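The two complexes that follow have chain A in common; it is paired with chain B in the first and with chain C in the second.
The block that comes next holds the complex of A and B.
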């Protein structure tokens, strides 16, 4: 039975916004940590660095991506997520407390916190995957759906490996496979979960929203075959300690470079020329992806730790750029959509819900954060300034969300509906 | 068969809309209005093709009367209303309003198109089987 998005089946606005608000709050927490402990954060595998890394990838990026999935699933996945209020509440609570306890566990090194965070985060992620993944197998298969499946399966694998590592931290006993497990955990999180989901969504969003030529069918079909194959083989090679493992990194890097080149071309040749801040976020995202890939390629060659840090920071900022750009569209659209669907006469148009100048200010703060983060890798004290910029960026994101919500509530209480006339 | 034909028609509507928008960007209001009318005619014709032929045939074949096609009809109504609001804004030279409404329209239209292309059209293709080619001919013969 078809259950695509109808006006009645769009999730309540609070479902999506709670994840976005939390992303802004975790972003501010990450910024405070960055301001207080800049040198620790730039030291790979330092407890503060690990806390910051998980605040960023789980608290900001995954939190936003799960929130977006509640909105996009019915459109891209074909079937809406059932009981969105209840399910989003469970996932959001487990995830939020899990992230706080995990960051706390890294900082304090307290064993019970590692166990608690693994339980909460594991539950949140497994619950999310088991909730959404079966819905993706009910619809007729298309490339975006294939990408979403791979993303969710990768998220599941990332969580399982995370639980194994948290257990090792709790016991203070690291097996001989710890570094292998960590590498696989990162690969599935960064490429399988974050990368595959962004690529899958891009295949739809870039072409349709900016009116571009379509991505080639060959690319769309094969990228979601090659990514899981390369990730699985890389994991196998790591476990068996086989040589030439860089081949899989090269393949994954090549795929992402192909995605960068084809997306950039489409954005430059887009038919809709309207100046739009979301386009600027897409451009900056693509540039950061390029920087990340070049830096990672250089790291494989030179094995210089600072270059690996640049690769990681640029990759996180690439994902964040796309997320912020999409949020700038999703939130005003949801407010407009819910109000106009309910028949409110004074429903504001999208550009009045979050004014363009506010989204431009957010973009400026994002650029300042990115530039200062790049400089900070070679001059660590600058990271404090990065923290200040990013704090204002996330605070401003929160402000944008609150002002959209206030306008939504104001219209609900002050505007007449068609049926009241 | 149906998927390819209707998807191409979606893209044509998108391109016409983008051209109208681009003309307005360079302050060519008259040309923008002409292109917008062209876009409006093409898009409304697309909705007509679906509502007067495609959906009815699909409903008769499958017996699914209140399901996906009903949802699409409902969304067509919302999109028609937005096209009318944009036309009014364009005629009254309220450019900012045109772009503002256009943003909501574009997201809604593309979500609508995604659902049709990813779910409904493949379902219709399966339901019509070898008759899909005949249906495309019928749709091509419909006059805007």
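The block that comes next holds the complex of A and C.
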């Protein structure tokens, strides 16, 4: 049967690349901060640590994820985001200036910067959610869409709580609920936004990219019921100061551990073992998720702050590993797709758009960054080395993106089209 | 009929192989792609370059995609 697909599925290439380039730039800024203030950054709740944390989770991870959503929404969500050029421009500008002002606010502790950053970031996130979420409710429901909905709703809750906290920082007046709000903010950001989106996308792309067996229907159906339920109940328990709150952490940790185990099994049992660097990012991502979960579980037991730092760093690196792996797939695909659909005969194959050796070099820098970050938790001066590795990693990511864009432009101007034959 | 069974190939090889075959497709020829999922981006490449396609999923959840340049695909409609 003919399917009623809308054409022009993919957004213009600039829409996605502007978010990816910005992620590389914010990554370099984060690296510079790490090189300059390693001890501060490893001290939880230090202003420099909070600035670095938000550069990482908003500037690198969320920036990349929003860029990816512009691409994935049309393919996975079924309905392309309308006016992608205009909408991505608005979101990108608000988000970029918001991240810079928020990092500046933490470092300088200037009240107007907190107010400005809350306004800009709140606007960017609420705009993103209100733009994409209704499209997800138009489509016929499948588990990836359910996960994307939960991710966006969590992102919205994270932003609202962030605004509340920025207001408290601006006024220098923290309510009795500040620590509770901060815990909920972190939980919804890390598990609801980042975790749920990665899981939702994995359900589609692991099978599609690597020809694995599909995830079980039971997992796909229930994980997106249990995550919001556990997050909502954890928030309620925190507000009411009820006992046994660790049960919800245990449930969420168990779900993520299940995701780790089932994904790893699928990757190991994939049908065709062709060489693909992106799969190395998936393996490292799964390993880092495992480390993060073990470290967080140990922290709940021993309450040792360094172990919590390891859990947080490993979780961020897990997300970054998956993101870098996916960028290595998305960017060549976009270049190839736009050239092919425009009828260019000499469109390079995807593995030549970002050459394998360049992705391998990026992976090596990622591993060096991860290893040195782990050591730095117990020997903080090493964090300067981490900063140097991560600076080169993000610079190299930017170089890979630029080389893909240059090849795209070269083909546009030098290649023949079908219609010219 | 050019039959391209891409079920066992990793992404993005199915798209590249079929797009390459489409570039060299004669007016009287038909590509029959057999794939494990519906290759949505491929449809845009085909239609934007003057081609036509018909796709359906069989009872074993295998996708069959027929591609031509002249649009005559009625006999493959299920």
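Simple rule for what comes next: the second predicted complex is superposed on the first by the 414 of 421 C-alpha atoms of A that agree within 3 Å, B and C clash if a C-alpha of one lies under 4 Å from a C-alpha of the other, contacts with A are read in each partner's own complex, and residues count from 1 in each chain.
Following the convention adopted for this analysis, contacts are C-beta pairs under 8 Å (C-beta built on N, C-alpha and C of every residue); 3 or more make two chains touch, one makes a residue touch a chain.
Computed from a predicted model, the values in this text were never measured in an experiment.
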Evaluate whether chain B and chain C can sit on chain A together after superposition, giving fit or clash.
clash
First (chain B), second (chain C), both or neither touched by A:244:
neither
After superposition on the shared chain, which partner residues are touched by A:218: those of chain B (first), chain C (second), both, or neither?
neither
May I ask you to decide whether A:301 touches chain B, chain C, both, or neither, giving the answer as first, second, both or neither?
neither
Partner chain in contact with A:350 - chain B first, chain C second, else both or neither:
both
Kindly classify A:142 by the partners it touches after superposition: chain B alone (first), chain C alone (second), both, or neither?
first
Return first, second, both or neither, reflecting whether A:75 touches chain B, chain C, both chains, or no partner chain.
both
Just chain B (first), just chain C (second), both, or neither: which does A:209 touch?
both
For A:379, is the partner it touches chain B (first), chain C (second), both, or none of the two (neither)?
neither
Those residues of chain A which chain B touches in one complex and chain C touches in the other:
1-2, 5, 7, 75, 208-209, 211, 271-272, 274, 329, 332-333, 336-337, 340-341, 349-350
Note: in the complex, chain B contacts chain A through residues 14-15, 17-19, 21-22, 25, 64, 67-68, 71, 74-75, 78, 96-97, 99-101, 103-104, 106-108, 110-111, 113-115, 118-120, 122-123
Hey, which residues of chain A end up touching chain C in the complex?
1-3, 5, 7-10, 75, 208-211, 271-272, 274, 276, 329, 332-333, 336-337, 340-343, 345, 347, 349-350, 418
Can you name the residues of chain A that touch chain B in the complex?
1-2, 4-7, 75-76, 78, 139-140, 142, 144-145, 204, 208-209, 211, 271-275, 329, 332-333, 336-337, 340-341, 349-352
Could you list, by residue number, the parts of chain C that touch chain A in their complex?
8-12, 15-16, 19, 23, 36-38, 40-41, 43-45, 47-50, 54-56, 77-78
